[in-house]
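Order of writing sets the chain letters: A, B, C and D. Residues in each chain are counted from 1.
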């Protein structure tokens, strides 16, 4: 295996609704910032890969517009995933293993504000025969999961609110967060349910942002970053789809992914200092903490998705944030997690490490 | 290449206007066939790659989630690739990369489209705010490019008709093809309805339901079945921006560079002489001469003479799309992978009635406004080690 | 035994907001004033019409907008010859890539006031704008392009 | 440069008509006939009759009639929206149909009183009088007497 590291990360502010910029205009400054921070030019990039989704953008082939921010001329080696850009990063990491190039640029752009009503969009992600025709509320599957998690004793409404309080407090240190502040548990628990036992604060606020990660291999990584965040292990796995045949209180795919990632990395989650988890709902922190066997790690020091969830960039931001903690010397080992689908159906984990 | 990689399983469904099955069941048809060909079970697979055209076309968002069971993908890494019409090629190459990089031993690459369910011509006809709905339609983008090619090359108009006939006659040999017209003639194509002048109805691809799957494995597992593998000799993808000043869409540089990179890996310096058969992404008949030039199988301006001389026919020196190609079946999400899979079938000697004499074959796919290009060279011989 | 159902209706409706972006908005607002606003890249000297915010080759912010008169030549074209949903006029009609003088990019638009068989690559054309009350932030503010008869030489 | 952008609302609509194949088609035909079906698997009868067994990916077997009663295994309380099956607040729930494995996702109606919802509660299907072969032929599940 080649040693591959995050050498640069940039992100635009998470906005509830950006009504000023098109896809390329949101993305381009972020690409510039990430490329500049790595001290490279566009021509130094050997491979570009991105993640976005037409259902959020509201039109087909939307990602083509984002390519204008990459400058695909002369022609580039390029690919795209129609899901969270963390999966694009996985593709970049795989590509760098081939040894055909040393530097890959990964971007994610998600504009969750463009759909006027996510209740119209989210059911399309469900089984088209047994689920989508019922048109469940956007948070309904997560609500079933939260309810099951509470009944299984994994968390409580109080515990979920405490997660939110901690994340929003942490987000006060993150200028790019969409939501942050000092709130108290009692105040949160006064709010009505949106899909019980979920209240509005339990649901990651959807919005718009772009994120860019530059990956580099071996000597290039050492050259481009003072303290590269080495990707020591990366894996992702899929669970079955229909919620009625899943144990919603566990995340077998996360468990499996971390097992494989730890095997590659040579260290486990008990060794990580911080973890950035793609928690689209507060109750998912408990499920993920169990599946990942996290103990002692600081979870979501950036505030995490509960402080801002730009769709399809959220998972990539977790990797960028985890890497930032290493690159800034705040952590020696870190974990990043990304998810796709309803109730944590598909999960990706990434173990990162700084030079000793 | 760092590790030799082979295709050991190929499966596809019947292509048709409307398949009376669920999406999952149609995907499973191809998956089952590919797994049976490779003589593997789901437990042997390390990763799954899914190729699919825009989700809005069939209204299932992130279909990899719903299809997890149909693809046997539970517990596995699943990557949903999307790069316009070239997506099937990109998916095949990414699957091969996973094996080549040593990250997987056996990868299942799956592709499908089931667009008969939604009237997307209607749905897309209304356009976005501030856009100018000119009424150009699906071919309105490609037809002007074809006109420009004809002007540059001076090709006579019957070239397009002849390609349409060649591919449809080839399709008669392919039971999976959507369009079967054994009696088609040049006159019939010529007299068929003009759609986007210079494109006539019979020079255009259909819209089909259908699926395709392949299994890609590392060298160590390539001898797992008595059927020979298709060795990947070279593979590449390239992208260029769709609209910038001075862009040449007739002969896009990205396509040239994509092919050149794959040939370099394959040790090919004279592709026209060293490639035996090509499965190219030809949605309108004139794209046969256009792509032949773009990927270096013919001299610029001269490829139409290969058509004229019958060299690209089934019995010709360089048969193009012996499967019948996109003109005979177009499940868009799977169309690119079908080209790659058909190339593999040819060098494995498993193409059945549409088998030609082939030791080395090209699979090719393109997407967007000829912006996305993917190509692989597969061969019956194990390639030299890197 | 139960007789199977063969199809199920599954209608989708999704409401969205389209954000044109600042760069594209300059162009669209110009159209509402009968102006074709272009922008040049200082890096590669190319002129974009319509202009994005940034050059997609150089990734530099484009220079301030300036007006082009819209005269140009037919770069290539097709003749839409059959009916399908979403058409605004009856076929046959010409859809062309038009290369405006002074721009490096092409515009797709209708070419009318000429028989389709008389349209040719390289034909000089000019925009025909809609009346004041029809002007809008859309390329449809140009009704179509037509051949230039007075002094516009073919390229 | 002007700093503000034009924006406008628009709608994407698709009139999908999905072909469903024999297994889902029979399930839907059963709903039209007022009868619920499950699919046989090695582990037991699965309801709803997913086409592929979630643990192994194997094709599931023949459809067999199952009861239209079951037990709620999880639920979430939501406000009613226009177009929802019942005109007041209700629960989306997973309902383990009697004699089957897994659970069916559907609506539970308790007359808008969330206090009546509980995991483990017994429910039965409330069938529409006019049935057409869609999931909505079951209007909802209601408390079993």
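Methods note: a residue touches a chain if its C-beta (ideal position, glycine included) is under 8 Å from a C-beta of that chain, and two chains touch if they have at least 3 such contacts.
Everything quoted here is computed from the prediction, not taken from an experiment.
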{"item": "Most remote chain, CA-based centroid, reference being chain B", "value": "D"}
{"item": "More contacts between chains, A-D or A-B", "value": "A-B"}
{"item": "Separation of mean Cα positions, chain D and chain A [Å, integer]", "value": "30"}
{"item": "Computed distance of Cα centres, chain D from chain B, in Å", "value": "38"}
{"item": "Computed distance of Cα centres, chain D from chain C, in Å", "value": "47"}
{"item": "Contacts with two or more other chains, residues of chain D listed in rising order", "value": "3-10, 12-20, 24, 50, 54-55, 134"}
{"item": "Shared interface positions of chain A, touching two or more other chains", "value": "19-22, 55, 58-59, 67-68, 71-73, 116, 121, 124, 128-129, 132-133, 240-241"}
{"item": "Chain B, residues touching no fewer than two other chains", "value": "20, 22, 56, 59, 69, 73-74, 117-118, 122, 124, 126, 128-130, 241, 244"}
{"item": "Chain contact topology (line, ring, star, complete or other)", "value": "complete"}
{"item": "Residues of chain A defined as touching chain B within the complex", "value": "1, 48, 53-55, 59-61, 63-64, 67-68, 70-83, 87, 90-91, 94-95, 97-99, 121, 124-129, 132, 235-241, 252-253, 256, 340-342, 345-346"}
{"item": "Contact set on chain B toward chain D in their complex", "value": "18-22, 24-25, 28, 42, 56, 58-59, 69-74, 114, 116-120, 122-123, 126, 128-130"}
{"item": "Residues of chain C defined as touching chain B within the complex", "value": "6, 10, 12, 18, 20, 24, 28, 44, 46-48, 56-57, 75-82, 84-89, 92-93, 95-97, 103-106, 108-110, 116, 121, 137-140"}
{"item": "Residue numbers on chain B that touch chain A, as the complex places them", "value": "2, 22-23, 48, 52, 54-57, 59-62, 64-69, 73-84, 90, 94, 97-98, 100-103, 124, 128, 236-242, 244, 247, 252-254, 257-258, 368, 371-372"}
{"item": "Residues of chain D touching chain C in the complex", "value": "1-20, 22, 25-26, 28-30, 32-33, 35, 37, 63, 133-134"}
